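See the structures that follow.
Two complexes are shown next, each including chain A; its partner changes from chain B in the first to chain C in the second.
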Partner chain A sequence: MIQPYHLTKQEKQEKLLKSLTELTDYHMENSAPYRAMIDKSGGFNQPSLLEDIPYLPVQLFKLMELKSVESEKVVKVLTSSGTTGQQVSKIYLDKETAAAQTKVLVDVMKPILGAKRMPMIILDTKSVLKDRRSFSARGAGILGFSTFGRKHFYALNDDMTIDWQGIEQFLAQHTGSKILLFGFTFMVWKYVYQEAVKSGQTFDFGDSVLIHGGGWKKLQDEAVSADTFKEELHRQLGIRRVHNYYGMVEQVGSIFVECSYGHLHTPSYADIMIRDPITFQPLPQGQQGLIQVMSELPKSYPGHSLLTEDLGTILGEDDCLCGWKGKYFSVSGRIPKAELRGCSDTFAFDRKGR
Partner chain B sequence: MCKGVVKLNEQKLKLIFSEALEIDPEIINDELAYNSIAEWDSIAHMALVAEIDDQFDIMLDTDDVLDMSSFSKAKEILTKYDITFE
Partner chain C sequence: MKLFWPKTIGWKEELEKLRQRPVLPPFHPDVLSFTQALSKRLIKFRQEPELVSLGYWLRKAHIHEMKEAWQADTLDRVVKARGTAFHIAPSNVDTIFVYSWMLSLLAGNRNIIRISAKEQPQTNRLLSPVLELLQDPAFSAVAERTVLCTYDHNDAVTAYLSAYCHTRVVWGGDETVKKVRSISLAPMANELVFPDRFSLAVLNAKAVLGTQGEEKSRFSQQFYNDSFWFDQMACSSPRVVIWIGEKEEIEAAQNEFWTDLQKVIQQKEYELMAATQVQKFATSLWLASEPEATHVIRTNEYSRVGVDQVTADVRERHCGAGLFYEYSASELQEAASILTDKDQTLAYFGFSKQELIAFADCISTRGIDRIVPVGQALEFSGTWDGQNFLRSFMREIVVIG
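Up next, the complex of A and B:
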């Protein structure tokens, strides 16, 4: 059995129901705004089903400072990427939650990346990590995955141009070793792949594996599918293995990574649920709706159960051909803004109650 | 292994810590822990691991990178790679 993809539906339901109930109790005790919101929406009674665990809309972290630890205990603040002018989420981490995130990320990725660190090319700029106390989603992702790498090489210059010569040297130095590539989906496409096409660069990254995440929205606008992405990266750059992941700064660590069959999987630490965008009722397998993410990790902030703005579909549970247990699913994009505003009344809460 | 080398390894590791974390070697003792001082954060940790790899000519496993949560833990992990301390 491959950990952490080893629990069957029944086992996982029991484990998560217990831990998420405890977390809900914990956050109600330690975050007054969280308690006020839960109380206002009917309170929290010991649930018998995972779907009864209350959830917050993920956008709430952009509007409110939500944390369940004293400010002195915060060691790191994560922020969502957000374009200029947009409000960003703020996620407060204490030592314990930060350590749990790093540990679980390693656990979740190990079945794909193994225990040996690989020479690593980061398809991003080093300047992302300039501020050491506060990380963007990009910085958090890079740092988290850096654990799997050694001899880290940042392939993009500060002006987002790519250092082909540096890559060439790096590959020459590490001929014969498996190379780990990491980057954000859109940036890999725009600043690496498209640049390679433009300048006629063809490469052979050899025995390499690319891990990428951060969402498809911009690529969908350009009508690039997951299959095209993989095929093109193989053709142009010789990247043979590509694994996408679905994750967010509000739930770092327990991410959902693609198996060898291209399905996103829920590890034993986390689960998803699909909800109807209008009624918020849970939807069965095969139906598209809003993705709710649940994770055992968020302890320093009440982010253990969140309703995202992403649309997805559960493809199955415990029976993926890759052999991993748990739900597997696909993400099909983000809910259009208009619809979101339409149902945002549901999320209204009394801000005076803080 | 003779006592001299054992002592040297401790000094060598101290020097690596002080250079990678940019801290005074005086404050390095067995209890020095990850995230207990501002200088030893997740970014500095990567630099520290890279220096240890290079200077001792080893390749730490992913799990060991995570487990290296204090100076004494670092010594304990390094003994797995046949580097001896007192």
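Up next, the complex of A and C:
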């Protein structure tokens, strides 16, 4: 069996129900605001089903600080990537949770990348990593995935232009070995692929595998599908294998990576559920709804069960042709933003409501 | 700068021409016929209740009523229009620009109205009927005293118009008011501002329990209109429900009230959206983490947060779309203590006028400018936020004979 995609439905349910119940109790003991939220909205009774585990909306981490450890114990603060002016989530990690995060990432990627470190090209700038204690989602992603590679080369200059010459040199130095590429979906598309098209660069990255994540929203706006993305990267840049992953800073441990069939998979310590976007009732396999993510990892903050604003569909469980067990699913984007009318600000100067 | 009316490009030349036009006497016959023509057009928009109520507000009988009240008020006094009024209208509630402009026009002023830069004649349901009427030669007296424009974030234009006008009217909330107030106004000009406000409802538990049949269902419908018409985002829509009565009475009344309201929301097929459902959920949990929140009850249609205090912070966090804070008191007078400067409308059910007047006397803050029956929270009136438009749009010449 391929770990961590080895547990069957029954085994996984039992394990997660137990650990997530314990985590809920733990966070109620250790985070007064979390306890108040649960107690005041009906309390927490020993659940018999995973769907009965309370969940917090991801948005809540943008509104308030939530942690279950003393401030002195925090070793790392993760922040979500937000556009300017937007509030960002702050996620507080202690030593234990940070270490668990690193370990899990290795486990999840191993079936795809193997145990051996590959020469690695990061399709981003080195400047994202400036502040080592406070990581943006981009920085955290790069740092996390860096452990799978060696001789890291950052392909983008600080002004986001691409260093073709540097890439060529790097590839020449490593002919014959497998190359690991890592980047954020939109940046790979815009600053690497589209630049290559514009400047007429056809490239051969050789025996390479690209891991990318960060969301499809911007590419969806440009009507680029996952298939087009893969085909084009292969055609223009000779990238042989492409694996997308889905995850969010707000929940450590929830890294869902695509198998060889292009399905996102849940590893043994995390799971997802799909809920109706209006009533939040659980939906059966095959129906699209809001993605709820659950993970055994978050111990330093109450983020073990979160309702996202992403829409997804569970495609199946334990029966993906790739052989991995667990639920597999697809993500189809974000719920549209609400534009409520009202008498609030409009002139100063038409900023809101746009 | 883009001019919708008049249809020229040189706005500064237009302003020079505008300056030359004499003001009109209050309630000028040409103005009255313009308001009637606009009223007739707006009443036809049956699918859009806000336009219909604006049309209804502009109907002949209502304007006549206003005129008579004004005449009685100004008997034997010399009262004239101020000159040129500069209106900065909000974009979200598009009917506001018409209310503001019409009241100023009835006063006899020349008007410059800046509407949101987002608006286009093709997309604005109000702009096209207005422009059609302005083109009609019958309304030239109004047309030549009107400038309808839009411009992007531009302090220089606002400064120019502020130095030019005799009255500045600023709609659009705290940020806009702060921003525009930092731009100096002509020394002789006066100003009306409309910052962010907050509104509440006060319900007599005994009266709610005593309501039966048709009256009961009408009451829930009216509360629905007040709250959900603008997704609870209008300044006048109730966000707090204050219950008055004994503990048991209140509980019983709450059960009936919220069950009935839920049915109305379902019957009206009020559109619930995923984004607002998630936002409501997040906001109610966020509030629950605070000491002043006692409990949270969520349904698909609304979320109720019980509170023992309504702090400024709690007010700021309100997200609209069916989130209600509930506060209980045994006497109406007690509720006065939770009111703040920001509070605008109190929609009531089950209290007499005497009780309400006594209550208004107990309010020690700047709060509350309107106390109206449930169902009338959104009704526009010529006195808003404590200011009488016609009076503010005119000036009195004291003549001692």
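The rule is simple: the second predicted complex is superposed on the first by the 336 of 354 C-alpha atoms of A that agree within 3 Å, B and C clash if a C-alpha of one lies under 4 Å from a C-alpha of the other, contacts with A are read in each partner's own complex, and residues count from 1 in each chain.
We adopt the following convention: a residue touches a chain if its C-beta (ideal position, glycine included) is under 8 Å from a C-beta of that chain, and two chains touch if they have at least 3 such contacts.
Note that the structure is a prediction, hence the values are computed from the model and not measured.
With both structures placed on the common chain, the touch criterion links A:I278 to chain C but leaves chain B unconnected. More residues of chain A lie in touch with C than with the remaining chain of the pair chain B and chain C.
Of the two partner chains placed by the overlay, only chain C lies in contact with A:M64; chain B stays clear of it.
In the overlay built on the shared chain, the residue A:A115 is in contact with chain B alone; chain C does not reach it. When both complexes are overlaid on chain A, the residue A:K198 reaches neither chain B nor chain C.
Contacts of A:S146 after superposition on the shared chain: chain B is touched, whereas chain C is not. In the superposed pair of complexes, A:A98 makes contact with chain B only, with no contact to chain C. Common to the chain B and chain C interfaces on chain A is no residue. Considering their complex, residues 35, 41-43, 46, 49-50, 53, 59-63, 65-66 of chain B touch chain A. Of all residues in chain A, only 33-34, 36-37, 40-41, 56-57, 59-60, 63-64, 277-280, 290, 307, 309, 335-338, 340-350, 353-354 touch chain C in the complex they form. Taken in their complex, chain C has these residues touching chain A: 88-93, 96, 114, 116-118, 152-154, 170-176, 178-180, 194, 196-197, 230-231, 233-235, 272-279, 281-286, 288-290, 293-298, 300, 320-321. The touching residues of chain A, when paired with chain B in their complex, are 75-76, 95, 98-99, 102-103, 106, 110, 113, 115-117, 129, 132-133, 143, 146-148, 150-152.
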